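Next, two complexes with chain A in common: one pairs it with chain B, the other with chain C.
This part shows the complex of A and B:
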């Protein structure tokens, strides 16, 4: 289809400025700023009711903002109806036309654009081949599996060469295995044809694996945005820290500088102390949250006597969840429970060297400590 | 754990002996429940219908008389050789078709609004739609007379606006208006069901792909509600063919009031020509049955 674009990577295709949407007096979207660069896949991620779908529907033109501006390709389209926006949209429910054959479904947008029949047939064939459904043009949608229907919906959306492809929870109706494969396929396709894409999902794994850029939304606002790894590694708020991936959060405060250069001491309200990396905004006395990802914690057998060293805790193994590639331990400490994830050795016969009820020692490095604002 | 196993074994033992009995039960007993309705249907519908069919093949032997058992097709020949009856038949079909078409067109937006509505006034809207059906037939038709007559509400209003007045009372137009009003709810309900089945996102898909409202209607709504459109149209057509009170009251004694059903009514009640009335009834029934067969064929062709 469209050849890989050689446009400047910084070219902004979609911009949302101060976009708000109220339904009556209820704010679905309070204030969203967004800039999507050409050929990037940007994900709006958040729990249901966070305003991500409303935002997508405003980009598509199915809803008009109460305030703010939406610009596609330099053109203000804030109040332009959807049929004049040059967008392609894939819904969660596929919403293929059940009475039209697959090829007619894919051809529909071209027909509406007055593409001549010959070119139409050609482009439909290419699009179906692109999604690996070259042989299925004559079928009716209900003769295809869920994954195939989703690919038809994708072909129908991209065949019109939209300026932006919008994906509204496109994989949530599929089973887990297929969902993972479709993630890769969509991402691959999106890269291959160079399609600026906005994806809406509540699935953080989907967001992390597919996106160039993630916008985490909560209660109608953008909570944080950035690359997948920056969102995961440096969550700015407790909402982001707990919504993206698993984490152990501790409330506490900075007490003083550590003996070692470049480190500060954080004292958790539940008692232990942790050395963390110094940063500009971390002055003593501030109430903050400490986030420790399960995979950054190390378990070792306890020496018996209580260690007073920082960045360590004593606890007992309360639960062991063997998950194949890794094992998740539930650790009981005197004050609270933690989750620890341990990568299993490939060749090891007994990946779990600990038993339930065993007393262990938990430790972590200063780099594992993520400091999160209380909000 | 041991307890769990034990209890599950107990459960599996329970139904095992009962299974053969349970297998027999449904087929053996449930048919009996249908007997009263089937009996009623045979006694009060099929049998009288057969008697009437018999009448239609007998000779007219004077008012309220049924000729001796002497099977003739005179009554049918009379109907199809007299231009007058052809005219009545034609008028009936045209009126019914026009009423059904207008009713479906009016009903569609109403049914669509109801099907898509999330309003808490939805129940009230449904009641308003049903209202014509639960209004007494005489009251309803006298209401239309008050509106449609030469010095009625409508013409007074038109005069007030300085527009020319209309003659609607005792005209075919008047009959069509009154029939359409009372029969529209049938179309609303047969459409309501099918429209509710249409995924609203299909409409958004059309718009997202560059279609306008017209395309939504033409490419999604009409094809996907086609069964409801046909069913509603036919339901109303059948009832319009069979309607006799409204043509009698609004159409009057002139041509406008002469439709098949009023013809049967006059023959059966006034002229007391029962064999001919029976024959006319069966011609009506045959037309309706043919249309139902046609509808079935159209739906199958669509699939």
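This part shows the complex of A and C:
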């Protein structure tokens, strides 16, 4: 399987072109374009009901699109039945065969393919070892923990060496701790064996941490796609900005250039003002959104000497949420409340250097300001 | 058992005992349970006791004990024919109703038609139709067909009466069966029929098995509709016994009843065992 990971990175394994799915008059998927490169892990991310599962089921062949085309490995498979598509799928509920032992669960796909017994046993053993369940072949599914069942489902899907691995919210039934570990394990495994993977999730953290490429979906359409960091740092729509991570979002417009440093002034409807970097498409008077991530804001004591910053204002601490690694402050300002996230210093005994009601100074750089189109 | 519990619990027992009223809800529940069980069991026990009577007439309690009514039963040609007929009929009914009802249940859980609810109601209708009405309608129908008094008529009648049980049990089993299990099999390369045979059927096998047992028992003690389909080949054991009671007052029917109870219990016991064995064998496939 190792030769797979040396393949050309630009080779496209899966392509969805203008795919649409109606259930009666309900549009589950309106228009999805997607290109998945070989050995990449692509995530479909979006809120409940946005059509992620429907898209995945069309890729698997359990639903046929109302319109559009699905191409796998250069072959049009839009209407190919699911058992002819060479696809591995892991469902949210694992869907192990309850009456079969773990090894027979994993062997199922190989049996259907007529793989001879000896090779079958060998491949099942390898697959179970890969997911760290070498000793569990004789167990029944209901004798395993949730995380173990999850891994059996994974082994069962990859043992057939599918062209594409589909994962539909594979971690949502696990507890927080296990979910974190399985994220790493799945990602590690996916890299190790080189497996083109489409993951569906509504958990933005899962998407950010596991994906090579994220496709954000909303109401049956692709809202934005890109690498995790580009999705997070340059959201193109207000939906993406607020769905991925936390943010302070302002509606307002550009007013005329305020100074010579190549900065513009954005004025929100609430009166809040910020200096932002000049860009070509930012002509004054246009209605836009400004997104300020909580971690890009800096809090400092109001009486301390202030370093020169074009963006600064006074506020009072209205709330403190200590979250271990970081602390989230709610800051009351004359215009509106802002969320500020501060990384906690590991050595410091008192990570929270501010108290509720304290007056503080809030500052941020022009680069922290992300302009988002209204749509 | 109780003693052991008490010993283990002894360190805290005084506190618990002091705070518990003499007759709390748990006692009331126990009393109510014992009463209900008694009411359910008493008639059966009385019949069983009476069946070992040495008396000439049915009376309780018997004045002496013997096995003579069993001997009488096993030597009675007509009653033995009835027993064999009942066993044969119940077995065939279990198979036919089990298969037909299960297929219907599969169809009902998969169809998307808006008539689904109506079709389900139709399949369970015999459950609420009064027995005499079903009996009369079958009498009219089978007379018109020229099947009156035949085994076929009886079989069709019993299958119709048993299908509601099968449908209800198998539909319940299928509803708890996650459809994505079948889809997983299909994605692994199985065609729909193969996935159905290798994954779905084994997963709901136990429900189908208990459904067939219900069909068997339902047919085995059916009287009302069977009475409406009289003929030389339709005298099942319950019907024969019913006719016997109209002319005789001896304890023979009690012996028959005890045999009926024994057979029913045997069927349940054996299939319960077979069910688990089947499951274990399924695992080792």
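In this section, the second predicted complex is superposed on the first by the 361 of 375 C-alpha atoms of A that agree within 3 Å, B and C clash if a C-alpha of one lies under 4 Å from a C-alpha of the other, contacts with A are read in each partner's own complex, and residues count from 1 in each chain.
Heads up, the rule we're going with is that contacts are C-beta pairs under 8 Å (C-beta built on N, C-alpha and C of every residue); 3 or more make two chains touch, one makes a residue touch a chain.
These figures come from a predicted structure and were not determined experimentally.
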Superposed partners chain B and chain C on chain A - clash or fit: clash
First, second, both or neither for A:144, with chain B first and chain C second: neither
Partner chain(s) touched by A:186 [first = chain B, second = chain C, both, neither]: neither
Which superposed partner A:60 touches (first chain B, second chain C, both, neither): both
Contacts of A:104 with chain B and chain C, given as first, second, both or neither: second
Chain B versus chain C as contact partner of A:82, first or second or both or neither: both
Contacts of A:156 with chain B and chain C, given as first, second, both or neither: both
Which superposed partner A:91 touches (first chain B, second chain C, both, neither): both
Residues of chain A contacting chain B in one complex and chain C in the other: 60-62, 82-83, 87-89, 91, 93, 95-99, 108-109, 112-113, 156-157, 160
Of all residues in chain A, those that touch chain C in their complex: 60-62, 82-83, 85, 87-89, 91, 93, 95-101, 104, 108-109, 112-113, 140, 153, 156-157, 160
Of all residues in chain A, those that touch chain B in their complex: 60-62, 81-84, 87-89, 91, 93, 95-99, 108-109, 112-113, 156-157, 160
Interface residues, chain B side, partner chain A - complex: 199, 201-202, 204-212, 215, 219-220, 223-224
Residue ranges of chain C touching chain A (in the complex, touch as defined): 178, 180-181, 183-191, 194, 198-199, 202-203, 205, 279, 282-285
